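In the part that follows, the structures are each spelled out as structure tokens.
There are two complexes below, and they share chain A, which is joined by chain B in the first and by chain C in the second.
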Partner chain A sequence: MNSQIAPGETLLEVKNISLSFGGVKALQDISFDILKGEVRAIIGPNGAGKSSMLNVINGFYHPQQGEVWFDGKLRTQMKPHEVAKLGIARTFQNIALFKGMSTLDNLMTGRMIKMKTNLFWQALWKGPAEKEEQEHRERVEHIIEFLKIQSIRKTPVGRLPYGMQKRVELGRALAAESKLLLLDEPMAGMNLEEKEDMCRFVLDVNDEFGTTIALIEHDMGVVMDISDRVVVLDYGEKLADGTPDEVRKNQAVIDAYLGVSHES
Partner chain B sequence: MFYRESGDFKTSYSGDQQIFPIAFDRWVVIAFCAFAFVVVPFLINDYWEKSVLVPVLVWSLAALGLNILTGYCGQVSLGTGGFMAVGAYASYKLTTSFPEMNMFIVILLSGGVTALVGIVFGLPSLRIKGFYLAVATLASQFFLVWLFNKVPWFYNYSASGQISAPERFVFGIAISGPNSPPWATYLFCLTFVVVFALIAKNLTRGRLGRSWMAIRDMDIAAEIIGVPPLKTKLSAFAVSSFYIGISGALFFMVYLGAAEPTEAFGIEKSFLVLFMIIIGGLGSIFGSFIGAAFMILMPVLFKNIMVGGLGWPTDLVAHLIFMLIGGLIMFFLIVEPHGLAQLWRVTKEKLRLWPFPH
Partner chain C sequence: MSPEFLYTIEVILNGLMAGIMYSLVALGFVLIFKASGIFNYAQGVMALFAALTLVGFQSGQIPFSHLINVMFGTEYHHWGEGMNNFLAIVLTILVMIAFAWLVEKLVLKHLVNQAPIILFMATIGLAFFMEGFGDLMWGANIKTLDVGIPSGGSFWWEDVTRTWATEGSEYYGMYIDVLDVWATGIAVALVIVLMLFSQFTKTGRALRAVADDHQAALTVGISLRTIWVIVWSIAGIVALVAGIMWGSKSGVQFSLSLIALKALPVLILGGFTSIPGAIIGGLIIGVGEKLFEFWVGPLIGGATENWFAYVLALFFLMFRPQGLFGEKIIERV
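Here is the complex of A and B:
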């Protein structure tokens, strides 16, 4: 959280990213930036390359071309767990929780990178290990309260309904207290009420903790409501980039969403 | 209401993070340990030591070890027998090379040697998963047994190719060799089991345990959270092999007294321990104990009933036992696929609310 970058300056910048899988060009020469403190939406039709973009940002995919700059530094070929240490957390389009573990343990695992007592003390569960465990438990309880999931604290997450699992996954990403939070369709498959709750949480996280957020979302209403700026992808290419209003009026975007054929 | 958690409110996180958050459980376990340490040594005889207590203790340690790797970290292993052999041969080489070395140190170092070997054989786990990893560990099982058969240095060039445990003392009392009193060998093993069960519990409820379980449940998400996959898997291999090595060392030094690798540490031992943790409960410390007790004590029980009670011929009974145990394993897996520990948990949950189920 203690970055040199002031709110409004560039936190993350991707430059000329190209990524392909065999013949499939998932991303072609994509560039955009994310400013510190903003909510940045990435939208586009199915298969546009949105999730691939997030996978590039957190080091899961390695693009054939292009650069990722984070927090003022060029980041080359990093492994996902190293990217996590830099301060990037995320949720997944298909829930990727630790199903056998409780809500509490899932969130505690989210703080993995912040814990450091050695094997010796962990084996004894005394001294620094016990202290660390308690400190982190307190932070996690904060998040549990914030997301209103107190009642499912000890429940194995595999048993929770879908909407709750999405919420726990957000909690796990929040637990990392990252600088940048990537949310891949956090509201997909939710009913209206659940969506409203989720929007609230996203905005509150952005306001209260000052976390920069990049989110992928299909629901245009949601996107227009909560995001500061929007980047639009289609077939791996960038169609538009700007404020929700600008993007909404963009002819290329309208065409893409109305399904105007590409050959025409 | 025999069993209650109501009125047992937690006012701090440390209270909630205890091993046994319910006071009743805590007291039962403390009483049980006190009984095991203080009373049992006065009652124990040769039969109870050799057929019941020491084997259950030794195999519990092996089951704990495999459960850490398979139950907690999700890496299936069929190399348990081979790793026990490493522990046994390490203790043999250590105590014959340095006869003055304290036996606690010998056993611990044997665990350490096994941990190193475990790390080496754990390396493929980064690339291969599930069933394929099981096959790779199976190769380590056969390789290790072959190694201890083939290289005379390991058995000090003895003519028989066997290793035999020399007489060794702890506080002036023999814990290995033919003259070791039953209570001494029992207490020696019990000490290791209690200490290392506690350590296993601590590791699994803390950061390391969570990183193991994260890898088990969803390795991609774990990595993106900041869990380094290779390091985490290797740590599970190391800790697991450490336990299995200690178990192998105790099995040889204290229980068998003499061993030949194919007989004592063959593939059927790997399966035995795997059955223990599946029956007891994957990812459960308590389950490792019930699983080990089940697999060791059921045959003893059946034998006592059929040979001792009914007077049936021994060889017939031996076959019957195989079938009965197999049947029981299937029965329990159908009734509760998550093992006896889960069965116990469900029973407790019911008891906890009794007599008002809702």
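Here is the complex of A and C:
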């Protein structure tokens, strides 16, 4: 799974993606790329197709047309769990955690794809399986420390407040040590303080682990602050693509967000 | 101690051990329900099929021998002496795993994302198919199953309890079937192994993950279909254990598949999603129906064991529909 891609080169590229559900065109001819090591934001009004795009990358949806290139290879139609094994992790807009499990177990489950021992050794819980558990446990503890969630290690996540659940979900995605991290509205529904924390974590993950991040976000301030490049979708079409400054000045984007005056 | 008191204890003990048998069947239901939201109507038939297969291997029966004989006019029934218990059990486990794999390949795979009622209907179909298939494969006659578990009343226990009774009273000691004691021990061991497996191994964690959230499980790289095969295999092994216990007790016969119906009130009591619930629900039903028969039965002409469990379940449905341990059903507005 060693990648030959250097920072700054294309890690993921989507080409001419079109996706429709019956008559509804969710995505129309969308192309953009994500460079290794960058923070890439996908923005757009409600119903613009942002989450659909993430679901295409992640394998939940299969587009009718278009190609997805990852890590220098054209990806054939894949199921989400296969995509996860390629090295793409994600979080969800409406939190999908294992609610009955503790924070620790959630993160350990996040490392699933890194674990190699077979059922036989697991059943004995000896030899390779025992060693493996301990190794992975160490990595997970490191992430717990990084996200400052030591105090809730053993708490079933269903009992945690919303902001904390979001953080655990990020932790679980981090645990996979994937090449690309997809965050679907990581700050949705958070208060200012929680948002600031989350921003810092996203930037730190990007800095310290060198993880490439693609995120969907509604809070424009946040997007402009933390992302390197922004792609703007509206009604399933691509409106603009560029640095935050370029996007901010783009007339089409301004129209989509503020509405167009039809008088002139 | 007065004889009446000792009788009551005897009834309770027997109820507990009958309850464990119900729990074993209910356990198989809970495992599959948790992992895939499917109420597997075929669980009872799986126990029957497993027991049939085990007897077949033990006695060296040739599968489909009746069919072969009818079609080709031959007279094959057995090959040699059969095999020893251990080998037969291992082979039966392999058959149950193969069965799980086939169910996934032929049924579940094609019904992904369908409504639970459709999957439920599919398992009803599966139950009927397996009953017929088991008949065709091993024959419909009642078979005795003996895997070397001791059975019969315990004389030692009778002697011990006789000394507890008040001097001079006519008490002959408690009757406890050794088989029931063994069944209890084996069931407890099975549950402990399952618990340890699900708590401390990677695959166990994956099972719990799938039970919690399918979508999230997929994104961390868990293949739902692999997990389903594993869960159905485990349910198949649990069914084998239940089949061995029930089969040793009352012979391997096709009415065995009806024990699945007794598991239903157990599940309503314990909750469909709770393993401890399945165990305790089974115990309550077991003790409840024996005590009811003992106390109330004589007053209303007996045979209350046939319906008591269902009436109890009905009351539970009225006052606590999620069961004792099930997840509370909360609709957020």
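Note that in this section the second predicted complex is superposed on the first by the 258 of 264 C-alpha atoms of A that agree within 3 Å, B and C clash if a C-alpha of one lies under 4 Å from a C-alpha of the other, contacts with A are read in each partner's own complex, and residues count from 1 in each chain.
Keep this in mind: a residue touches a chain if its C-beta (ideal position, glycine included) is under 8 Å from a C-beta of that chain, and two chains touch if they have at least 3 such contacts.
Quantities reported herein were computed from a predicted structural model and do not represent experimental measurements.
A.B. asks: Following superposition onto chain A, is the placement of chain B relative to chain C best described as a clash or a fit?
C.D. replies: On the shared chain A, the partners clash.
A.B. asks: Of the partners chain B and chain C, which touch A:100 in the superposed model: first, second, both, neither?
C.D. replies: A:100 contacts both chain B and chain C.
A.B. asks: Counting only touches as set out at the top, which of chain B and chain C does A:254 meet: first, second, both, neither?
C.D. replies: neither
A.B. asks: Does chain B (first) or chain C (second) touch A:137, or do both, or does neither?
C.D. replies: Once the two structures are laid over each other on A, A:137 reaches chain B alone.
A.B. asks: Quick check on the superposed pair: does A:79 touch chain B, chain C, both, or neither? Answer first, second, both or neither.
C.D. replies: Both partners, chain B and chain C.
A.B. asks: Would you sort A:24 into first (chain B), second (chain C), both or neither based on which partner it touches?
C.D. replies: neither
A.B. asks: Shared contact residues on chain A, chain B side and chain C side combined as an intersection?
C.D. replies: Correct list for chain A: 58, 60, 79-81, 84-85, 89-90, 92, 96-101, 105, 108-110, 112-113, 115, 117, 119, 122-123, 125, 129, 132-133, 172, 176.
A.B. asks: What part of chain A is in contact with chain B in the complex they form?
C.D. replies: Those in contact with chain B are residues 58, 60, 79-81, 83-85, 89-90, 92, 96-101, 105, 108-110, 112-113, 115, 117, 119, 122-125, 129-130, 132-134, 137-138, 141, 172, 176.
A.B. asks: Which residues of chain B touch chain A once you look at their complex with the stated criterion?
C.D. replies: Chain B reaches chain A through residues 13-14, 17, 199, 202-203, 205-208, 210-211, 213-214, 216-218, 220-229, 235, 283.
A.B. asks: Give every residue of chain C touching chain A within the complex, in rising order.
C.D. replies: Interface residues on the chain C side: 196-197, 200-206, 208-209, 211-213, 215-224.
A.B. asks: Quick check on the complex: what are the chain A residues that touch chain C?
C.D. replies: Going through chain A, the ones touching chain C are 58, 60, 79-81, 84-85, 89-90, 92, 96-101, 105, 108-110, 112-113, 115, 117, 119, 122-123, 125, 129, 132-133, 172-173, 176.
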